[in-house]
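Everything on this sheet refers to the single structure shown next.
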Amino acid sequence: MRKTVLTVLLVLLGALGMAQGDKLKACWIYVGPVGDYGWSHAHDQGRLAAEKALPWLETQYVESVPEAQAEAYIDRLVKQGCQVIFATSFGYMDSVLAAARKHPDVIFAHATGFKRAPNVATYMADFYQLYYLNGLMAGALTRSGKVGYVGAFPIPELKRHISAFALGVRAVNPDAEVLVRWIYEWYNPAAAKEATEALIADGADVLAFTEDSPTVIQVAAKKGIPSFSHYSPMQSFAPDYVVSGQLVHWEKIYIDFLAKVHAGVYTNKNLQDVDYWWLLPQGAVELGGEFGVPVNPKFIPALKAKKVKSPVFGEISVYDLVMKELALMSDVELAFDPFQGPVTDRQGKLRVPAGLRMTKQQLETMEWAAPGVTGPWPNEPK
Amino acid sequence: MKRLGPFVFERELVAPPGRVLAVSLAAVFLAFFSAGLVFWAYGVSPLLAYRTIFQETLLSPGGFAEAVRRAIPLLLAGVGLVLAFRSQFWNIGAEGQLLLGAVAASGVALFVPLPAVAKLPAMFAAGFLAGGLWAALPALLKLRLGVNDVLTTLMLNYVAVYLVGWLIHGPWRGRSAFGFAYSDRFPPEATLPLIPGTYVHWPTLLLALAAALLAWWGLERTVWGYRLRVVGDNPEAARYAHLPVSRVVASAALISGGLAGLAGVGEVAGVHGRLLDAYQISLGYGYTAIIVAWLARGNPLGAVLTALFMGLVFASGDVMKVALQMPFRVTDVFNGLILFFLISTERLLYYRVRYAPRKKGEG
Amino acid sequence: MEDWLWTALLRALAFGTPILLAGLGEIYAERSGVVNLGVEGMMALGALAAFATAQTSGSPALGLLAALAAAALAALLFAMAAVGLRANQYVAGLALSMLGLGLAGLLGKPFEGAPLERTLPEGAFVAGALLLALALWFFLQHTYWGLVLRSAGENPEAVDAMGVNVFLVRYAAVAFGGAMAGLAGAFLSLAYRPSWADGITSGLGWIAVALAIFASWHPLKAALAALFFGALYHLSYRLQAQVTPELLKAMPYLFVVLVLSLSALGRGPSGAPEALGTPYERGERR
């Protein structure tokens, strides 16, 4: 009798303790290897930071998950006790939704996606603001008037990045061009190298890119050409040639989301409208090629020397312009946006009327190219 | 006859099935042992690895279903390769033929208006034809000009990959895919049903089993099969006997390409529901099917077992990725070792070992 | 216009170098009568060995040696099966390719992503490859042992009758081929893109196999062919606006099929070594 009472008490106490600070297991699936120094690497850094910040969090990850296998892998992860699953690639969309129907008690979050469910949220940390600032600097540094961009896939995400970049370049150098070459892969160092060489051969003397490796930086540095880091801090690969870049802090989103799940704010029933679209104000992204270094000090003198006439600030150095607009875009009210109207595309068609800005939906489905962009642009709208 | 100490090795012409089984098992065991060494070098306990694999694949219904799902394209392509290899058409191009089948099926699914009930059969038919045609070119070159079939089939694999790439980035790019490299999703009547609770697209599974049976029956019980076996064992004798060697080899080549094409249809219609990047579709099935066919030692029914075995190997790779955090390359290590040991022990099949110690006084 | 041509030439040379190096090795192996389809795997192992050694020891030269050793070892494994055990050469090569890629990817995990401190100049490899092509051609055509090598592939019985061990010749040729593939891999991880990542070989090994055939097993033609393939690859990015990139990338493979067919049409046998692909059995009638 006494034994039974004791057991019941223990169970009750256990249950009480469980209700307060119990462990949460979150799992990540990556589309590439974490060593790629690009997209998957950055997500993994976010995972590690979240693990460090949240004592009750236990994490696991699987890398290089082919899209065909995503659902099967999710099943396995659920079996291993994952309560929250982060799917870090657009291609996992259908698998995530199917898995979410199959496992209604598990919470899912899909990066770069747009379909949600009661237990599926979506999230994205976007770079378009940073690319505009990078463009300002690129426009100031180019002497040939040709800036090169090595792109992975001609999808809206890259198109808005390149367009924002081109808008920045043209704001400083109205005659400059942004030459684009696509490699049709997220990760292919050999292709990135050859594309870079081809752009340099075509006259580009400043480079930016979307590819999950520092290849473009290294190739450009060998030829003495400045470049912009992408996704992970790559300044150390060429400290004399990386001007700035785009950095991401996925942990901002991960910590926010997981904390809310842990506190019961987000459950497996109320995620239908949870969609993170986090930019500079939320600290999800950061300007620079190295954390804490928005502009490489080696390039500050050149950027300070170049002056432009800004409609808002008057005569100003590019460096100061970058810093000022960075501050404006970091303001929660988004006092400045690269895509604020009027904006026409490279064919002359008006895309954003005066006084308006692009909605999130428009940004997510953007197919047109900003003026100054030259090169193949598949699916360009008439 | 060779002598190694007290053992005498005598060459035989035929390998008895008992020995074939024993040698095959020995090769597989050696492969697993070596793989264990690799795990140990990587820092994972081999015992833990194998126990986890065993638990998650053979003992778990979900895991086993996954192995079956992986075995489907392996069986289809593998049966085809058994026939091809039997006729001495060294088809290394199953990967490309699979992709062509996927392309044809996608084309029918997305662009050919048909009544719903006819969609899937048309897709399979188109896939078979496309895969067969992709094998036809190397076959033609081999039969008419004597061009090496290993190389031509291998080269066409890469052409197939780029063809798929061009289609999904260009003319067939999906409207709903936001520029990502996919075609549009297939309409529901163009997707295969699954066994509830699993991802196994059973129509393709049935097709694969039927193909194995048909191939065995064809090989063993028909004139065509007889001719094929003769052509494969002794092409000179076949020519001397006025057998239509070219026609026989061509038929084997076309069928093997067609079956690989069917595997491709199964993948896009049963797993993905659209056409996507070539490496996402084929996942190396075409190359692994070579192992399936080799292990089956020329018997299409044997391919059922060997395809399941290789399906388990694939599934094991997945398990190790998730449970043991090993990189996906571990499956390639397995595959490579198994194939290597199979190939290396091939000759042992034809040697009979006798224990015959040298008597005193012998030279 | 001239600038365009010059850049294309330079890039073609650079991209063609690993193909040429591995291709030259494959030519030697095939000339001795052995088809080595495992080049891709050996290249990957060489690339990893080079990077890992160079990174940990700080000496890229040591890395180079490690690459040669690792790849040659893998090639010897293949030779044991294909030459020693008379296994089917094509399938054995395939097995080594899978194994090499798998092992490299697996064991290379801890080295992913980190850049190399001291690298080797691309130009050195490019020049070295061209010089090697010349030297290897000379050796093949104008020396006694070159003749022996060629004979092992054309008429192994004659070599045997001369008292030279055919097996040893083939082992040596295959090991050399492997070492060259390793050298190509070292180029990739020490000079071309100084780092290690899974998939760094990205199919170049297969193109090298294609190259050996495309060049009719002739070292000097191989240099030209490598230049041609390299040019196609470079142009697929340069001309992206005008030409579908996939078409240019598929061209090397289509060309091989074309060349094989044309040479078969032209003069009957494709000029391949007679005994290519057939294991040698002493005393057996082929």
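Going by the order they are written in, the chains are A, B and C; count residues from 1 in each one.
We take it that a residue touches a chain if its C-beta (ideal position, glycine included) is under 8 Å from a C-beta of that chain, and two chains touch if they have at least 3 such contacts.
Keep in mind it's a predicted model, so treat the numbers as computed, not measured.
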| item | value |
| --- | --- |
| B-C or A-C - the one linked by more C-beta pairs in contact | B-C |
| Label of the chain whose CA centroid is most distant from the centroid of chain C | A |
| Rounded Å distance, chain A centre to chain C centre (Cα mean) | 39 |
| Where chain B and chain C are represented by their mean Cα positions, the distance between them in whole Å | 27 |
| Multi-partner residues of chain C (each touching 2 or more other chains) | 109, 198 |
| Interface hub residues of chain B, defined as touching at least two other chains | 165, 169-170, 327-328 |
| Where chain A touches two or more other chains, by residue | 33, 184 |
| Chain A contact footprint on chain C (complex, rising order) | 3-4, 7-8, 11, 15, 109, 112-113, 115, 192-195, 197-200, 202, 204, 233-234, 236-238, 240-241, 245 |
| In the complex, chain C residues that touch chain B | 35, 37, 41, 77, 80-81, 85-88, 90-92, 94-107, 109, 198, 203, 206, 209-210, 213, 244, 246-247, 249-250, 253-254, 256-257, 260-261, 264-265, 268-270, 272, 277 |
| Of all residues in chain A, those that touch chain C in their complex | 33, 35-37, 41, 181-184, 187-191, 193-195, 197-198, 201-202, 213-215, 218, 236-237, 375-376 |
| Residue numbers on chain B that touch chain C, as the complex places them | 38, 41-42, 90, 92, 137, 141, 145-148, 150-152, 154-156, 158-159, 162-163, 165-166, 169-170, 287, 290, 294, 326-337, 339-340, 343-344, 346-347 |
| Chain B - residues contacting chain A, complex | 56, 62, 66, 165, 169-170, 173, 178-182, 185, 199, 267, 271-273, 276, 280-281, 283, 318-319, 321-323, 325, 327-328 |
